Amino acid sequence: MNNNAYKENLISRRKEYPEKVFKGIFLLSALVSVLSVIAIIIFVFSKGLQPFFGEDAYSFLEFITGLKWDPGNDVYGVFYMIVGSLLATLGAIVLGVPIGLLTAVFIAELAPKELVAFIKPAIELLAGIPSVIYGAFGLGVIVPIINEISPTGQGESLLAVICVLTIMVLPTIISLSEASIRAVPKSYREASLGLGASKTQTIFKTVIPAARSGILTATVLGIGRAIGETMAVMMIAGNNIGGLPTSIWSKVRPLTTNIAMEMGYASGRHQDMLFATGVILFLFIMVINITLTKLTGKLGDKGRSK
Amino acid sequence: MSDIIKFSVSDLNLFYGNFQALKNINMKIAKEKITAFIGPSGCGKSTFIKTVNRMNDLIEGVRITGEITMDGVDIYKDMDAISLRTRVGMVFQQPNPFPMSIYDNVAYGPRIHGIRKKNVLDEIVEKSLRQAAIWDEVKDKLKKSALAVSGGQQQRICIARTLAIEPEVILMDEPTSALDPISTLKIEDLATELKQFYTIIIVTHNMQQAGRISDKTAFFLNGEVIEYGETEQIFNKPRNKKTEDYITGRFG
Amino acid sequence: MEKRKRNDRKLKDGILQGLIYLSAILTVTVLAVIIGFILYKGLPGINFDFLTRQWDDRTTFVNVERKAALTEKNDAAYVASLGITLALDNENIVISHIDKDSPVKAALNMKNQAYVLKKKDIITKAGDVKIEKMTAEEAAAVLNEGMGVVRIKIIRPGGGIVPMLVSTIYIILLSLIIAAPVGISSAIFLNEYAKRGRILRLIRFAIQNLAGIPSIIYGLFGMLVFVQIFKMQYSVLAGSLTLSIMLLPTIISTTEEALREIPPAYREASFGLGSTKLQTIRRIILPGALPGILVAIILSIGRIVGESAALIWTAGTVAQIPGALVGSEAGAATLTTKMYWLIKESADLSTASSIAVVLLVLIIVLNIASKLITRVFLTKKGMN
Amino acid sequence: MMKLRKVLVAVLTIAMIAALSGCGKQDNTTTDNEETTSSPEATATPGTEETADTTESPAQDLSGTITITGSTSVEKPLTAMIDEFMALNPDVTINYTGTGSSAGIADTLAGANDIGTSSRTLKSEEEVDGLKEVVFAYDGIAVAVNPANPITDISTEDLAKIFSGQITNWSEVGGNDASIVVVSREGASGTRDAFEELIKLEDAGGLLEDATVVEGNGNVQTSVAGNENAIGYVSFSFIDETVKSINVDGVEGTPENAKSGVYPLSRPFLFVYMEDKATPAVQAFIDFSLSEEGQGFVEENGGIRID
């Protein structure tokens, strides 16, 4: 009991130093994320805002409200792209959320175990497929189908984009909704069933409302994925150089594909303008993120008050 | 009182944020004796035991005033938490062996304190397990996971793990609350064995347990020490009405 | 009345249930169609050559010392002095057989270095004679003429995905070497050290933002900063650095989840034994979180394998095994970027689909691996 | 738990080793081309017996790296030439990245490459002192329609009207009664610049806003092949049987016609480089591209020889 001497001095001194060093390392690592975000914002914004300042500045108003993108003639308008991006995202969410939610209900509430063991990995696979493959699929399957049915006789269209994006947001929506449906306490279901509600009624009147915050989060994340998708969309959007979309058969040129199409080639102001398009895209993403933070914040509050 | 004083606590207050969990504690704890803390849930006894080896430091928002000395040294001012904890070991409410082999569990402490030699470690492990009265039960499965034995055995392995760092004091925070009666008895016997060498402080819900094994008992209520004295006296002739109510079961 | 109400309800229930089943069927069908499409288009193109060859054809001149002692064979397409047999394949003269003692095994390229000829190498010129558009027999006759050293122009056919496979592995390793330590350290800081407050909120906000930024923005950033400002050119390092930032949120949040699963009792016990925070992290927390960290790494690999927008403008689309980390020889196309390039530049959906089949197999393997790790971990945990 | 951890560590280690050794192996297969072996039979010295062929004998000891960026349309003939040139001069490495004509020229002006390639003539602001341009081939731009489209001939004026949106139905140019689907290339594509210039699209009002814009020659072909009513344009060297190339102003789009100038949609393929910075290797490569041997590759790959 008396060889405590080795502890006394050795420990406190020898251990203090690496403790501090490593805490510093961990903190620095955590700050890498912060620095990265700051760096991305600074570089993308400074290059993207450049054309709107200084001599022979391009009018920002013309940029943001413009309906034509023609770099060869120094015309840069992105309004029709913003509309295209928003419509494509909206379409994907309007289709994807109900389908995804109902599939989640199926997996969580109705499907027998053996089927779940098959469907869940399938959905995980769907989530893991590279977007280029979705693009190839859109180009090889969806576009030819729309070719046949479209009044314009052309497959590359808003509709094609919506179809592919819907498929791409499904895994996100399904897995998050499923998790939140499963998190609904069993007692809710029992209470509802005990009051004479049918299983379907229980699902739609009790379970889904109880899981709604999770479903909402899934939707917001789905919006994020849809608005940011690039390569798959680029192959099937049509990417017209101007004009607002008038129907689902119209071509669109989402913000992302505008950047990706010309980035390899562009130089000078043209390149700056692509960064400016990136700035607009970034702002949209920021809005989505802040919504998400607010949403999860509220979610947390609700959890606490329970 | 011929006891040697191990700990001396004076004017100790502890706050979780705005909530005061311990109020003005003054107490002297004797060396190589068993001191029991009793009281209803939330009375502060567990909080108090954790101030003795500064485990409360790990919780955010805790503020402590007052003084605790061990062998006359202020444990908050003149000692760092790490070396304090190597001298004041702790056994927790739930048996919490690490997810490693029995051997590695017991050897964990010595290893982090820099002992690497296999034969020294072997010796410490065997000695600690013997002291914890579990050597015979596990000597053939030292390489097996510590999670694969019964709860009572796990708790004794945890005690052995504590003994392996050769502390002067062992804190036991309701060490038997998760165990069956037979395992409980074994731990109690063990505690009485160990007090020859160690100062033991035990928090317990079980009053019979306090009566059976402790030399001194403190009764906590709402963060205050209501009564502190020889166990015999507390149980047989409590001076305070609240103590009497609690001990006779009219309360809590 | 009652009955009608009940019937109404039944009808409603039926419709809703029908919708549920329909959605589930739709989801699974879509997956089946996608995979079916890829397999249908891509499987025919998958063969041994596709998996083992270089991408580009490679032209080389070699000098071969002809044998003096001839072994005659009763085959007009056999070149006795070189010990090889020729054949016509797709209008090309190819080597169909090489004798054991053939001098082409000691062929030298123009740098005087060994360039061993292989089966299926195409011969287009012998000495000054072009032997394209000849029959195998005519070509053999040309090659058999003369003595001593002959210079042959060889095309080693490409069409394989080896360079992309290697580039993909390089980028995976490089990205993880950069991102994993940073990500895991961040998670440790957030879960073990950080106190609630402004810094923590800031870090979390930043991570959430990183997770939301579309990969095309990462591509813009990487091209501007790494490729142009740091003058790395299209290179594996520029690509990996870009991806590392992109991977951080995945690694951090998955690792953090694993750290959170470690029972606080382990930490308490460890501290109670007088270990420092660092010792506790090293000996208790990290080993316990290892499966979660592995899952994080697998998820990251999945993202790297599937990424295109962030890589095309940082690592380029050249099908070569990168010879350096930065600079003009460091450009590297991964499987996915090459697949995109194929569709874009040569409208070659079949070869693109063949690459997609390889990608699908990779993704499936990764999914299974992460499943296995989680499952093993869960059953083990069930013990306590 | 214990075991699990060990297993995981083992698996991870094995995976890492496998991955590493995997790359190692790949490296070997590529580098063993370059490896020197001291085989006793390897006594032959190059060029001792076969010096007759002057065009391909590596007379000078050229070495170094040449970076080429620019037009993607030149890819096929260019990579064929690079392949041959590197085979003849093993110490020279040539890297070509297709970035588009404008970027290629800009890179040359900025000193970011050794040679820029362009598939259009230089704009006046790009003509700088010291910048040398060399035409190494001509290319025709084929007008591609779907094979199911009965149309066989179109005038440049009609092309301009179609691409500017003044003509929207095939019946106006003698085809079926169906609306025309216009497929064009992304901005900054040399092919697009050249095409628009050759049909004087600017005078007709510029590209139709609603035209489908796709990236790359390949995507144009996919779009046209996939749509009966589509019209697009691709470089001669890319055209394949999935689409139909139609006559322009009554002239068939053949290399001969383009070379003789009868075919209206032809353009030069250019090398641009800074004369004072050109290394011997750069000069040698450009000479090689203009030689009989180099021009052979131009012809083989759908391009048109300069002579």
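Note that the chains are named A, B, C and D in the order they appear, and that numbering of residues resets to 1 at the start of each chain.
By definition in this document, a residue touches a chain if its C-beta (ideal position, glycine included) is under 8 Å from a C-beta of that chain, and two chains touch if they have at least 3 such contacts.
Small disclaimer: the values here were computed from a predicted structure and weren't measured.
Asks: From the Cα centroids, identify the chain that ends up most central relative to all protein Cα atoms.
Replies: C
Asks: Which two chains does the highest number of contacting C-beta pairs join?
Replies: Among the chain pairs, A-C has the highest number of C-beta contacts.
Asks: How big is the gap, in whole Å, between where the Cα atoms of subunit A centre and where those of subunit D centre?
Replies: So the centre of subunit A lies 36 Å away from the centre of subunit D.
Asks: Between subunit B and subunit C, tell me the centre distance in angstrom, where each centre is the average of that chain's C-alpha atoms.
Replies: 56
Asks: Calculate how many whole Å lie between the centre of subunit B and the centre of subunit D, each centre taken as the average of the chain's C-alpha atoms.
Replies: Result: the chain centres lie 79 Å from each other.
Asks: At what distance in angstrom does the C-alpha mean of subunit D lie from that of subunit C?
Replies: Averaging C-alpha atoms per chain gives centres 26 Å apart.
Asks: Touching at least two other chains at once: which residues of subunit D meet that condition?
Replies: Those would be 1, 215, 219, 222.
Asks: Quick check: what residues of subunit A touch more than one other chain, meaning two or more?
Replies: 7, 11, 15, 139, 235, 260, 264
Asks: Enumerate the residues of subunit C that touch no fewer than two other chains.
Replies: Residues 274, 276, 279, 343, 349, 380, 383.
Asks: Considering only the defined contacts, which subunit C positions touch subunit D in the complex?
Replies: 54, 56-61, 63-65, 103, 106, 108-116, 127-128, 148-151, 153, 162, 165-166, 169-170, 172-173, 234, 287, 290-291, 294, 316-318, 321, 328-329, 331, 342-349, 373, 376-377, 380-381, 383
Asks: Please name which positions on subunit C make contact with subunit B in the complex.
Replies: It is residues 195-196, 263, 265-276, 279, 283-284, 288, 380, 383-384 of subunit C that touch subunit B.
Asks: Going by the contact rule at the top, pick out the subunit A residues touching subunit D in the complex.
Replies: 67-73, 139, 143-144, 147, 152-156, 234-235, 238-243, 250-251, 253, 260-262, 264-268, 270
Asks: In the complex formed with subunit C, which residues of subunit B make contact?
Replies: Checking each residue of subunit B against subunit C gives 53, 55, 58, 60, 82-87, 89-90, 92, 94, 96-99, 108-109, 111-113, 145, 147-148, 158, 161-162, 165.
Asks: What residues of subunit A sit close enough to touch subunit C in their complex?
Replies: Its residues touching subunit C are 7, 11, 15, 18-19, 22-23, 25-34, 36-37, 39-40, 43-44, 47, 98-103, 105-107, 110-111, 119, 121-126, 128-137, 139-141, 167, 170, 174, 198-201, 203-204, 224, 227-231, 235, 256, 259-260, 263-264, 274-275, 278, 281-282, 285-286, 288-289, 292-293.
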